[in-house]
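As written, the chains take the letters A, B, C, D, E, F, G and H, and residue 1 is the first residue of each chain.
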Amino acid sequence: MKPYLRDFVPQNLEDIPEATAYEAGYLVTKNAGWRNVRPVIDNTKCVGCLQCYLYCPDGVIFQDDNKVDVDYNFCKGCGICQKICKVGAIRMEAEK
Amino acid sequence: MKEILWHGRGGQGAFTAAKLLGAAFALRDDKSFALAFPSFGPERRGAPIRAFTKLDNKPIGNRSEIEKADYSIFLDDTLLVSSSLDELKGNGKIIVNTKQSFDDERIIAVDADSLAEKVLKRPITNTILLGAFSAVSGEVEISDIENAIKLYMPQKLHAKNIEAVEQASRLFKEVK
Amino acid sequence: MSKHFLSGNDAFAYGIRLARPKVISAYPITPQTIVVERLSEMVEDKSLDSQFIHVESEHSAMSCAMGASSVGARTFTATSSQGLLYMAECLTYASGGRFPIVMMNANRSTALPWNIYGDQRDSLSLLDSGWIQAYAENAQEALDLALLSYYVAEHKEVQTPFMANLDGFVLTHTYEVVDVPTQEQADEFLPPYETDNKMDLQNPRNLAFSAGPATNTAFKYKEHNGLLNAKKIISEAETRFNEIFGRQYTGLIEKYKSDDADYIIITLGSISGLVKQTVDELREQGEKVGLVRIRYMRPFPNEEISQAVQNAKAAAVLEKDISFGNEGTVYTNVNSALKKFGVEVPVSNYIGGLGGRNISEVEIKTIFSSLKTNPSGVNFLGIGVNDSE
Amino acid sequence: MTVSKPVTAKTISKDEFFYGHKACAGCGGSLAVRIALKVLGKNTVAVLPAGCMSAVGFNFPQLCFSNNAIISTFAGTASMLTGVEAGLRAQGITDFNAVGFAGDGGTADIGLQALSGAIDRNDDIIYICYDNEAYMNTGIQKSSLTPFGARTTTTPAGQNIHGNIRPKKNMFEIVAAHGIPYAATASIGYINDFMQKVQKASEIRGTKYIHVIAPCPTGWGIDTSETVEIAKEVVDTGLWYLAEYENGEFKLNHRPKEFASVEHYLTRQSRFRHLTDEDIEIIKTSRDKKWEYINKNFG
Amino acid sequence: MSKHFLSGNDAFAYGIRLARPKVISAYPITPQTIVVERLSEMVEDKSLDSQFIHVESEHSAMSCAMGASSVGARTFTATSSQGLLYMAECLTYASGGRFPIVMMNANRSTALPWNIYGDQRDSLSLLDSGWIQAYAENAQEALDLALLSYYVAEHKEVQTPFMANLDGFVLTHTYEVVDVPTQEQADEFLPPYETDNKMDLQNPRNLAFSAGPATNTAFKYKEHNGLLNAKKIISEAETRFNEIFGRQYTGLIEKYKSDDADYIIITLGSISGLVKQTVDELREQGEKVGLVRIRYMRPFPNEEISQAVQNAKAAAVLEKDISFGNEGTVYTNVNSALKKFGVEVPVSNYIGGLGGRNISEVEIKTIFSSLKTNPSGVNFLGIGVNDSE
Amino acid sequence: MTVSKPVTAKTISKDEFFYGHKACAGCGGSLAVRIALKVLGKNTVAVLPAGCMSAVGFNFPQLCFSNNAIISTFAGTASMLTGVEAGLRAQGITDFNAVGFAGDGGTADIGLQALSGAIDRNDDIIYICYDNEAYMNTGIQKSSLTPFGARTTTTPAGQNIHGNIRPKKNMFEIVAAHGIPYAATASIGYINDFMQKVQKASEIRGTKYIHVIAPCPTGWGIDTSETVEIAKEVVDTGLWYLAEYENGEFKLNHRPKEFASVEHYLTRQSRFRHLTDEDIEIIKTSRDKKWEYINKNFG
Amino acid sequence: MKPYLRDFVPQNLEDIPEATAYEAGYLVTKNAGWRNVRPVIDNTKCVGCLQCYLYCPDGVIFQDDNKVDVDYNFCKGCGICQKICKVGAIRMEAEK
Amino acid sequence: MKEILWHGRGGQGAFTAAKLLGAAFALRDDKSFALAFPSFGPERRGAPIRAFTKLDNKPIGNRSEIEKADYSIFLDDTLLVSSSLDELKGNGKIIVNTKQSFDDERIIAVDADSLAEKVLKRPITNTILLGAFSAVSGEVEISDIENAIKLYMPQKLHAKNIEAVEQASRLFKEVK
C-alpha cells in the first residue's frame, strides 16, 4: 500500500470533486526532476540492514529480496542514504 | 516589451538574476520600466523553478507570467527539454549553461559552470548568465548590471560577481 | 406533537435533539448559552445520544465540528457575536470543505463597545463566508429550522453548512408556545447523514487539500452552486416538512400582505412579528402596507424580493446592522437585487435595534409614513438622523 | 505499559503512507511523518495543520497520503483531532488511531490552546510535533521553539542583535504539567527510539504527545544529506534530550556519556554561523543548567 | 526621493519605516511575510526605532497593536488570508475602539481549498468590520499608502483603523521601480500621533467599555461618521501629499478614460494595470472604453461610481471574490450605489482570478466586447459559465 | 528578591481603584482585583478581558476603575498587555505596572495561548488569574479550572454523570514550565499572602503570573457572607495550596498542620451537594497524591 | 482617590465620547438598592484592626480616625465584614 | 392583551413566576398566547430585576418590554416606590408582597412572606404572588397554574408550590 502514479489528471469541471475530498494517495507527478545526483546501490556490498530504507525521508528505498532498491521516480537525491549506509554500499552519481 | 524567462532550481539564484536584470534596466533612466517576479508557489529547494523579467519603455500593466519569451535562460541544462523551444517568441533565443553544444541556432550555449568555478569559486551561475544575456541581447549595459549588483547584492559579493558578469560578457563579445 | 412553553434557545435545543447529532461541541457565550446547557442536560439524562465536547474556544468548537463531520458524523454547534467572529476562519473552512454543519447563532451586537444585546451585525458581517444563513421569527420557527437545516445542509446537491440565526434575548430568551414534534416524525423527516465527503477507513481519502490557480475556480464555482441549489432544496424540504408536521414555510422570503401593498417594509428576524402586527393595524385604518420578511440571506432571494416589491410605491429595509462607511448590509443586497431586475421602486434604509435598542411600534409606523414622502437614504433609529447622500 | 514487541526496521509495515510529496530533499519533518505513519498503520486518520508537511503533501490532485488524512486550520490540529476521534467513536468505530502532525509553530504558538484543551479533556489522540525550530513553510520565521541565537528571517543576525534572543519554549514540560497520560521527546536522529515511542503512544488511552526534532536543511543551512546526522548530533551535544513522561514521572531515555561539541554542532549550520564565543557560552551554560535539572528531576 | 527596484512588500516596508511606528506586531503568513521580515531587519539595523513583537498568532498581533494604540503609540501590523480571518474579532474591536492602527493585508485566497495565491476574498469578506479599506495598484502606490494611511486613520475626524490591501504575489512579490521619499519629507507630511483616546498616567481613563441599548447606537453612529469623514480627509491628505511628494492621487476612485466611455470596467487592485493597457489598445482601435478603479471600498464611493458610469452604455464589475449564493461583493456594492442614484446603466459581474488564476488581456477584451451584447449576470472567468438569473 | 517591606492593612494605599461596580454581593473576584490594585497603586494600567470583572465594572457611563483600565477581547488579555507595555515603553514611560485580571476561563482556556506567548517573550507584565472555577459571567459553565465533581450548567449533575468528570487544569505548573521569572498561587482567604505576592511581582522584571482563588457565591452556591471563609477553607483542606515559583524553584508558602474536612468544604456548596461518598473519596485521594508531589518537589 | 458619583449623566449624542474612552472612575448610580441587610459598626467595640476594610469586596469600608465607617451608597450588604470582625463590632440589620 | 410586570431581586424567582404565568395561560387551549421574558442584562444576584408576561388571544408580535402594565407585581416591597404607579395602565393594579397596608386602592397588599414561611418554609414568594394574581385578575385559573408548575418546576417542589398557589388564591377569594 502506497501512493502511486495515476494516468488520469482531473482538470475539467466535471472531474473535479464536489468537495475537497479525493482518493487517498493519488499521484500525478514525479519528483525525479529534482535530482542532481542519484544514489546507486551496490548490491554486492549491501548487507540488508535496512537502515537506508528506514531513514529515507521520501520512503523511496524498498526491499527487494533481502537487498534494497530505489524508486527513481521519486528519489530526490538528498544523499541521506549514502551517509547512513555503514558498509558504503551506496554512492551518489551525478545526474547529467 | 522584451520578456525574459529564467529557469533554474531553487537555490541557484534564477530569481536574483531576474531581479538584477530588472533593476539594471529600470534604474538607468526615467524612460525604462521593468517588472521582475519569481514563479509563485510552494516549490521547495531542489524543485525546478522559473522567474520572469519584463523590460519596456513604458509602464508595464501586465503582471501575468510570460508565456512566450524573447529570451529563455537556463541555469541548469537538465531543465532544457525539447518543449522548451515552444516557450519562445518567433525570434526568441535560449541561453543555456551547458558543456554541450547544440546545432539549433536558437540555442546559445555557455559553459557557465566552468567560468563560475574560475571566477566565483562556487557553482553559482546566475550573474554569469546575466552577463551573457547582456552581451547576446544588447538590452542592458554591463555597467547597469554592475550598478544593480552594487545595490542589491551583499557587499562582499560585489567584486566577484561584477568580475563574473564582465568575463561572461567578454566571452560573447569575442565570439561575435 | 405536544405543546410546550419554551424560549427560542430551548426550542432550538429540542429541535436539535430530534435531529440526533452525533457530536456537539460548543463554547459558552451570552445569549447562546442556554441552548448548549439544555443539550448538555439531554446528554446527561440520556435523552440524547451524542458526544458533548467542552472546547476551550469557538475556533475549536468549529474545528472539532469539522473533524467530526470529516468522518461523516452529524454535528452541531452554537455561538454568538464575539464567538462567531473568533471562529471566522473556520466558517470559510467549513463551507469550502462542504461540511454540512448546523450552527445556531444567537444574534448579538459585536464589540466595541461591548454589548450583550441583540442586533444582527455578527452574522450579517460574515455573509460572504459561504454558509446558508436563515433568520427565525419566533421560537416555533427556531425549532423547525433545527430540523430543516440538516435536511438542506446535508442534501447531496447542497452540502453546505447552515447557520440558523435567532435574535438574541428577544427570541432566544423569550418564552412562548411551541409545538414539539415527536421523535418518530423527526426520524421520518430527516434521513441519517450519508456522504462521500468523509474519511473512511475502508476507502481512505484525503480531505481539505490545496487547489492551485488551475482548479481553484472550479471548487469555488461548485461551492457557489451548492448554495444556489439550496433554493430548490429548501422548498423541497418545506414541502416535505408540511406533509409530516403540518406547518408550511414559504421559502427564502415570507410575504405578508405585500402583494397589493403600496408601502413595504423589508426586514428579517423577530422584529417581523411587530411589523406584522403594525401592518394589521394600519390595514384596518385602510393603509395599503405590507411586509417582506427575508428568511434566508444566503442564498439571497434576489428574484423573490424584486417580485415582491416591484409594484409598491416605496419600500424600506429595516435592519439591525450597519456596514460602516456605507449603509446597512441587507439594504445593499436588496438594492443590488432591484438594480439587476430593473425595479425602480425607491428604497430607503432604517438602521435600528443596534446594541439591543428597542424598535417600537411607533417607529415602525413612522417608517411606513415616511415612505410616502422621503423614501431614500440611510436613517438611524434612535438618533433621528438621515444620512442620505 | 507497552506490551507489544518494539517495532524495528525489519518488522515495521512495508506500506508507505506518505509518498511522492514535495518536501525539500532531505527534509527531516517528512521522515518523522513517514515513519510515524508506518508504525501506526493503515487504520490511521492523520490531521495536519498548515505547515510544510501539509503544503508538500496535499496539492490536488497530487495527494500524498495513502491513509485517511486531512488538513486542519493552522490553530486547529488538536480540536479537529478531537472531532475526528469523537465522530468515529460516536459511529461505533473504535479500531483506529487519530494522529496529528504539527510543526513547532503550529504546536507551541498558534495551536497551543487547542492542544491544551484536548489534553485537558484527555481525548484519545496522538499529537506529534515535528520540530524544525521555525516557521519553515512561510520562509523561516522565528517561532517560540526557535533556539537562542538562531538567525531567522524575523530574527536577523546583524551588528545589533545576534539572531533570536529568547530561549526555546519547553513544550515537553508544559504538556507534562497538564498531567497528560504520555509525553515524550524524540529526534529523527534516533529513529528507533522515536518508533517505539509512537508505538507506545498508540497503546495508551487518552492524550499522547510526542515532540520530535526534525531538522530542516533549508532553514538550518545544512546540506540535504546531513539531516539525520545533525538530528543525532543535537542529542549528543545535550542540547536536546530523549525523555518520557508517564504516570506523573519523568524518565530520561538516553544519557550521552560525554557531550559532543556544541561549537561543531552550531557552526556547521548557517543559521548559527554569526554567533560569538560569548553567545556560544550562553548556550552551553543553559544546557548545563538544564542537565542539572534533568539529573535532579528525571528518573 | 530616490529610485529603487522594489517589490510591493518591500515598498510598503519602506513606507512604514518612514511613518515611524512605535510598535510593530505581526505573525508570518504568505504572501505578507516579506514586509515583516524587512521591518525586523530595519529594527535590527536601527534604521527604525520601534518595538518589534513576535506574537504567537494574528489575534494576538492585532490585540497587541490595540494595546499599544490604547496608550497612544502609533502601531503597525500586517497579515493575509487565514490570518485576517483569525483576527476577525479584533478587527471590529479595533474599529469600534477607534484605534487608528494601520495594517497591510496581502490579498490572498482563503481556505478551503487551501491556496496561497492572490484573490481578494479575504479583505472583501470583512468589509463590514469598520475599517477603511484601500487597494493599491502598484508598488509605488503601496509605499505611498503606507504614509497616507496614518494621516487619514489618525485624523481627529476619522480615528479609524486602515487596511491597505496589496494583491498577493502579483503585487507583493513583483519588483518594479519605486520612488522612495526622504525621511524629512515624510516627517513633514505626517505629524506625530496625538489623541485623547488613550490611557494616560496623568489623566486616567477607562477604555473599551460596554455601552447598553441606550447609548450603543450613538457610538455606532459616530463610528459610521468617522468612516464617512474619511472621504474628505483622504482628499485633504492627497493634496498635502502632492505638495510634498509631487504625486497626486485621485481619492476614492480613479477614472481612466472613463469620462466619455461607452463601456467601462469597474475593478480594483493590481489588475487595473492590465485593464489600463487594454483600454489604451482598444482606444487605439477606436473603441470608447474606460476603467473605473475603486481605490477605497470603505468608505464606499457611492456617488463617485454612479457619476463615473452614468453616461456609459454598459459596465462590468471585475473582481476577485464571490459571495457564495449571491454574486461578487463589489458588484453588490456597486449595484446598490447605482440603484440609489437611479443610474440605469446595465452592469454585469465577472468573477476572476480566484485562487490566483491569471486574468489575461484576452479575457479583459472579451469582457469589453461582451458588454455590447450581454451585459448582465454573474460570470466566472475560467469556467465559462454565465449564472444570470 | 523583594526588597520592600511587606504591605499590610495599615500600610496599603487608602485609594480605592475598583469601586461602585456591579459584582454580586460578596464577590471574591472583585476583592482580588480591588486589593491587587491597591497594592500596585495609581500608575497601573489594568487590562481585563470579557468576564465578570469587566462586565461589572465598565458599563458606560458607570466606569468603576479610577486608574487606567481597558477591556480586552476574551482571548487577548496577555497580548493586549504586551502592547500596552511596549507602547508605553516606546514612548519613554517606565514607571508603571501593566497588570491583567482574567478569570479562569479567560486564562486557562481561550486566553492561554496569548499568555503563553507573553511569557515566552518575557514581557514585563503582571498577569493575575482570579479563579472562580467556572465561566461565571455567562452563567456558570464548566471551564478547564472547574474542579472534579462540580455541577455547572454544562456539567449537570444527574443520575448518569455527577457533574464535571475532569480534574482542574494545573495552570500554576503549566506557567512554571515556561520558565517564567515569577509565578505564585494565592487565595483571597489569605489576603496578606496575596498582597505580598502582588507586591513582589511588581518588583520583578519580566513576566509574572499570580493565580488567586476567588470564590463566587453565585456559582458555588454559598451565602454572600461566606466567600472569604470558603477561600480560606479550600487552602486548609489542602485542595488548594499557596506556593511560589521563582528562579526555577518551587516553594510552598503554607503547610496546613492537618487538613480541614473536605466533606465540610464540599457539602456547604450547592455545586458539590450531589457528590457521593465515592466521588468525595476520589477528591481526597487526588489531593493526597498532589501533596505527595508537593512534598517531594516543592521547597 | 476613588471612583465617585457625578451629577452629569452623558446620554445625548453630543455628550457621548467619540471613542470608547472616558474619564476613569465615573459613577452615576449607587448600589444601595441591592441591600437587604446593612452592616452597622459599633465603634465602641471596634479595635481598628482594619480586617473588615481589607476584606470588603466593594471597598466601601473606610478608615475614620482609627475607627472604620461604611459608605452606604455602595455597600451591598454581603455580610463578609460581619464575619471577619473578630471582636463582633459589626452586626447586620434588616433594611426594611 | 394583558401585560404583567414583575419586580424582584435576582434569586427571588420573579422570572419563574412570569414564565409559569405565561405557560399556565398559553397551554390551556389553542386560542391563548403568551410571551414571557426577563429583563435582559448583566444584572447580578442582589440587583433589582424585572420580568414580563404578556397574555393575549392572538399571536403576540411585540417583544418589547412592557411600558404600562395591567398588573405590576412586587416580590419585595423595598422595590415599590412612588413612581411605580407610573408604570400602570389607566386601570392597572399593583400587587405587592408586604406587611404594610396602603390606602391607594390601586395597590393590593399580600403578606406573601408569612404565607411562604408557613407553606414553603422558605422565603420564596413567587408562586404565592402568582396565586394572588390569579385570584385578583381572574386572567388565569388556579388549575392552569398548577399544570404549569407540574411542567416547569422540579418535581420535588410541586406539592408545596401548588399548595402555596391555592392558599394565596383562597386568601383573596375570601376577601372578595
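In this text, a residue touches a chain if its C-beta (ideal position, glycine included) is under 8 Å from a C-beta of that chain, and two chains touch if they have at least 3 such contacts.
Bear in mind the structure is a predicted one, so any value in this text is a computation, not a measurement.
Listed by label, the chains touching chain A and chain C alike are D, E. Least step count on the touch graph, chain E to chain F: 1. For the pair chain B and chain E, the distance between C-alpha centroids works out to 34 Å.
Centre-to-centre separation of chain B and chain F, using mean CA positions: 63 Å. Averaging C-alpha coordinates per chain places the centre of chain D 55 Å away from that of chain G.
Once the centre of each chain is set as its mean CA position, chain A and chain H turn out to be 78 Å apart.
Of all residues in chain E, those touching 2 or more other chains are 54, 56-57, 59, 82, 86, 89, 93, 96-97, 111-114, 116-117, 204-212, 214-215, 218-219, 221, 226, 356, 358, 383, listed in ascending order.
Annotation for chain D: residues 22-25, 27, 42, 54-55, 58-61, 63-69, 71, 73, 75, 108-110, 112-113, 116-117, 120-121, 137, 144, 217, 224 touch two or more other chains. Those residues of chain B in touch with two or more other chains are numbered 41-42, 46-47.
Pairs of chains meeting the touch criterion are A-B, A-C, A-D, A-E, B-D, B-E, C-D, C-E, C-F, C-G, C-H, D-E, D-F, E-F, E-G, F-G, F-H, G-H. Those residues of chain F that touch chain H in the shared complex are 22-25, 27, 55-56, 59, 137, 217-218, 224. Within the complex formed with chain A, the chain E residues making contact are 112-113, 383.
By the touch criterion stated above, chain G contacts chain F in their complex at residues 1-3, 5, 9-10, 20, 22-31, 34-35, 49-51, 53-60, 62-63, 74, 76-80, 82-84. Within the complex formed with chain E, the chain B residues making contact are 19, 22-23, 26-27, 33-38, 40-42, 59-65, 148, 151-152.
Looking at the complex, you find that chain D touches chain E at residues 50, 54, 58, 60, 71, 73-75, 108-110, 112, 135, 137-139, 141-142, 144, 153-161.
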